[in-house]
Amino acid sequence: MRKVKVGIVGASGYTGAELIKILQKHKSVELVFLTSRTLVGEKANKIFPEFPSLKLTFSDTEEVSKNISKEEVDIVFLTLPHEPAIELTHIFYQKGIKVIDLSASYRFKDKLIFENTYKIHHPYPELLQKSVWGLPEFNRTEIKNAQIIGNPGCYPTSISLGLLPLKEIKEKIDLSNITIDSKSGISGKGKKLSEDSLFVEHNENFYAYGLPLHRHTPEIEQFIKLNFNQNVNVLFVPHVIPMDRGIFSTIYIPAENITQNLLDELYHSYYDKEPFVHYIDTIPQTKWVSNTNNCMIHAKYLERNGKIVVFSVIDNLVKGASGQAVQNMNIMFNIEETEGLT
Amino acid sequence: MRKVKVGIVGASGYTGAELIKILQKHKSVELVFLTSRTLVGEKANKIFPEFPSLKLTFSDTEEVSKNISKEEVDIVFLTLPHEPAIELTHIFYQKGIKVIDLSASYRFKDKLIFENTYKIHHPYPELLQKSVWGLPEFNRTEIKNAQIIGNPGCYPTSISLGLLPLKEIKEKIDLSNITIDSKSGISGKGKKLSEDSLFVEHNENFYAYGLPLHRHTPEIEQFIKLNFNQNVNVLFVPHVIPMDRGIFSTIYIPAENITQNLLDELYHSYYDKEPFVHYIDTIPQTKWVSNTNNCMIHAKYLERNGKIVVFSVIDNLVKGASGQAVQNMNIMFNIEETEGLT
Amino acid sequence: MRKVKVGIVGASGYTGAELIKILQKHKSVELVFLTSRTLVGEKANKIFPEFPSLKLTFSDTEEVSKNISKEEVDIVFLTLPHEPAIELTHIFYQKGIKVIDLSASYRFKDKLIFENTYKIHHPYPELLQKSVWGLPEFNRTEIKNAQIIGNPGCYPTSISLGLLPLKEIKEKIDLSNITIDSKSGISGKGKKLSEDSLFVEHNENFYAYGLPLHRHTPEIEQFIKLNFNQNVNVLFVPHVIPMDRGIFSTIYIPAENITQNLLDELYHSYYDKEPFVHYIDTIPQTKWVSNTNNCMIHAKYLERNGKIVVFSVIDNLVKGASGQAVQNMNIMFNIEETEGLT
Amino acid sequence: MRKVKVGIVGASGYTGAELIKILQKHKSVELVFLTSRTLVGEKANKIFPEFPSLKLTFSDTEEVSKNISKEEVDIVFLTLPHEPAIELTHIFYQKGIKVIDLSASYRFKDKLIFENTYKIHHPYPELLQKSVWGLPEFNRTEIKNAQIIGNPGCYPTSISLGLLPLKEIKEKIDLSNITIDSKSGISGKGKKLSEDSLFVEHNENFYAYGLPLHRHTPEIEQFIKLNFNQNVNVLFVPHVIPMDRGIFSTIYIPAENITQNLLDELYHSYYDKEPFVHYIDTIPQTKWVSNTNNCMIHAKYLERNGKIVVFSVIDNLVKGASGQAVQNMNIMFNIEETEGLT
């Protein structure tokens, strides 16, 4: 079978590195270019010494996006800030090249929600309609036919997978009082320079951030609206953990007339057939999914409190970003869904 | 002024070491003995190489508790498991020696709550009536006159200080739906050997534990009953952070008809006069209180969600254990409350 | 091609887990059993929640070693303490089953060196003669024909690969004054319970250990004797780094009449054809080889001091243990040497 | 007794914060100003939330240095880059105000060594003659009478204290072949922004740096020249440890005709009277001195190798910088040497 020709645009950050790591061992893919604005001409294995066998050299993002044709590349991953991602998605789409955008720029159907949340004008509302928010366990068929994937955010991935089966019992839960307390490793902040990202500032330290309204909140609310047909104001509080990788989401949902058995059966029925989502009978730990594309979930019904507590863990750089992006690509190109990811 | 003669019983763990550290620099105290069951005859600076100038040798717990008189020691700190703490408190109390017990054995007025929670028979219900749960910012006067202090648990300390001012607006909040998501550094587990306490099991890892009902829950509920006059089933979920020290409690409380201003004024009015509790205008970080007896708190009103979120941080070994124990001792002996603690 | 049938004996530790991780994705291998003394009957994915798809159940080490035949298993990996490894190697060897022993029991040709170093009697000196110390970059041909592999220690692997090319200029260096200062992540200690392996004892801490003579010293000396034909007393000081994985060896060797160019060419000529050893032009970092079977090396000639300093990094659980074991197996069974390892 | 009036210039970094922490609890000192170029007008407890009771506001470095008189401040600590430190030391010295400079600008007697090492012109060679490199255990009397202290570097402090007693047996050791392998926590890098200082770059990572000639090497060589009367080319290789604080120096020195006993007695005779340097009978750990002004040392004679190995640990921010600076101040002002430091 002809290999899928893949390019990565803006490949210098942590999600870019993770994409390279996955794609290097992917048997059905040929990595044809890496671009960057600042690293043009640099050898990739100089920038990423952890990939000594990587033979590519960084190309210029602007040049590549101008000159490349769909004969040369089948799909492009964008690991860029939101603004350039908007434009470059448009450019590649016009050329007939598929795009998986890892920024938030194509995650929302409603242009206004994006603009209010990210304070950036979005000139392509028609592309928002065509793009697919790509969470395979939720909408595999849509992904298969998509030209543009808005790859889900890391927190929304862990939370959406934690919530999805509950749609079957939506009349027994009160999502209007949902509280989500998430915790993430530091790589979620990316490689941007700021004093509060220095080692000493995070090591042996823990704190919450992002209030009053973290930018991932509307993405979670959009998911709930789609699945539960409810407009809710989600209370979502993220925290940072002094470690590299991993998201742990603790989700509190008022519920009544349910049992632990019901919950267990519900989640098993949703996820036992999934290659990457594992419903287990104990509270999961982030290390159990570290460097994998797995999501592990446990849901506990606390009768005493009238609440369900869902625990959901992922590796923020893999299932929360680059791994999920490759999973989406596999689906789009009829490749075995787990290829490159186990 | 005569120095207070102090003994530490069961001094080999992390809270014992922290007590020694504090008491060594305390100007009004003389440390007269350290005891242990397993380290009898060992030089303390061999067991704690971080205190090279500590000249004591470990005595035998049983011998000391049998032979010591109140002429030889004014107060004893117990850093022991719950069962021996019950008995030794009784023994020292009978001798007229004051006791600060860092276990849970004297934290509850209601013997049944203790027994149901810890699955241990408590033969001295009359001592439970005499003992004082010692959170200085809550009940300084009672502490002053106490013979026995049940030193509060680490989580309950961070949470109680976060809740205390809200008693002034108790009619505007719904404590029956309180959700508490706490996170603690590993030293909170103590020095007990188990495979899941090895470095590799915690490093780069994060998880929740203690469900369905962590043992600190009834202690929090007792505090709420006392202050808010309500019987509530608290939903409390603790997690472990891969670091040594620090507790971060995120407390979610439904509320209405309040403003951020009201909250700020309320907390300031409670805590501005306190030497160790600091209400600040931003989300606190555990590192800001590391190795101190401080508690830092911020409360945020999220109108969109109809909830107050209180953030409260302490060092679990200091304000959450040994520092608070010394603060209690200072109050009991009319010593400057901050002595040894700044 | 028929898959190689593989068993792991004593699979409950960190090297066992790493072996499972590698072998699960190895295309030419079928994992036929895992044994343990203490976990008999337990599902493997209960003990290793990080492998949710692993369907094996732990068998009893003794039963398996008694009853298994060479029709049922082609090769056995032993991740055991030294004493049982001695006996089990003998048992499997007698049955005609190949063995890769990850303990030190079959690393020495000279029985007396083993016995003096490990204080254990070795009853099978004839097996020591047959067994091969398996460092592929050094003795690939011998490995190919071996029945028993004594898999090299983690420190000796990093150090031997750092030294190997220098045999070409042995007359210009003074190995009798070699000083080796190595540093290792904590997983090198294994899963044994002891107070000094608790999280708090290692976190934010660094120290040396193992003097006056760490057990890996004779293994390094045996390598030097074999390659440089010199009996030297190596000065080797290991340290522990507060992190999971990685060994960093800094090797100081007096040298004269050489140049940086000469060094660079020498190392490149040795390693450019190797799939896992990478000579680079800058000081390597342990994270660059984390979770890989790679070794990265840089050698610097300091003319001012008349010394070569060699920097060599590996992941102690992969190239320093389980990865190298699989690399050896691949060679023994004519499988692509990198299979399962990239 | 009148309190010593103290100012800190350039107080925004890690050593500045450590100075504030120490001086806040120092009973004989009044902190009269903090300056900065970038934080003028900011409240200090906003910049350092860990000091909620600190009431100062940042002044402008230039204004303060221009207008302050020796009636207003007795001594100034400079925690600045080398170039401004050169000038400001000169300015304060001219006013008759004592200076403790924590940069390298006044550590060398020989202007050329400074200029070659730091590539900065030094216009005040006469001040270099007056200034004192302040290691109390080495030159307490000189410090007492100094107007300017060049506070020693962190690595040189740990190494010099490790070497000092050996001057008594200098004919038995070969310093020309000394090898020093040091390891430091990340706070040693300071707060400067660079991609390689981000959390993810250091966490779970270890490496060497600073070759071919780290800037602290000439400072070590100057110490050796002064004490051992030898010009040696020291081989010094520093590494970074993924933790906040602590330096571990492993020092290898060829030696002959000595015994372990001799070494032990020698070090004890030097250090048993010292309040901060502790010679112990086991290898020290960095955590044992964390957050203290202590240095712990063990020296081991390895007869088999004909080498002494000295292990020396300090907290790089305390004994390696701010604690030692305060110790020097105490000596200069006839204050109890341990005040503020225990």
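Note that the chains take the letters A, B, C and D in the order they are written out, and that residue 1 is the start of every chain.
Rule of thumb we're sticking to: contacts are C-beta pairs under 8 Å (C-beta built on N, C-alpha and C of every residue); 3 or more make two chains touch, one makes a residue touch a chain.
Being a predicted model, the structure only gives us computed values, none of them experimental.
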Q. Both chain A and chain B are touched by which chains?
A. C, D
Q) Which chain has its C-alpha centroid at the greatest distance from the C-alpha centroid of chain A? A) D
(Q) A-D versus B-D: which interface comes out with more C-beta contact pairs? (A) A-D
Q. When the centre of a chain is set as the mean of its C-alpha atoms, what distance in Å lies between chain C and chain D?
A. 40
Q.
Can you work out the whole-Å distance between the CA centroids of chain B and chain D?
A. 37
**Q.** Whole-Å gap between the CA centroids of chain A and chain D
**A.** 46
Q.
Among all residues of chain A, which ones touch two or more of the remaining chains?
A. 203-204, 242-244, 284-285, 287, 290
Q) Which positions of chain D touch chain A when the two form their complex? A) 14, 186-187, 191, 193-195, 197-204, 242-244
Q: Enumerate the contact residues on chain C facing chain A in the complex.
A: 24-25, 49-50, 52, 204, 278, 280, 282, 284-285, 287-292, 294, 296, 342
Q) How about chain A: which of its residues touch chain B in the complex? A) 177, 179, 181, 183, 185, 203-209, 211-213, 233-235, 237, 239, 241-246, 248, 250, 252, 254, 283-287, 290, 300, 302, 304-305, 307, 309, 311, 313
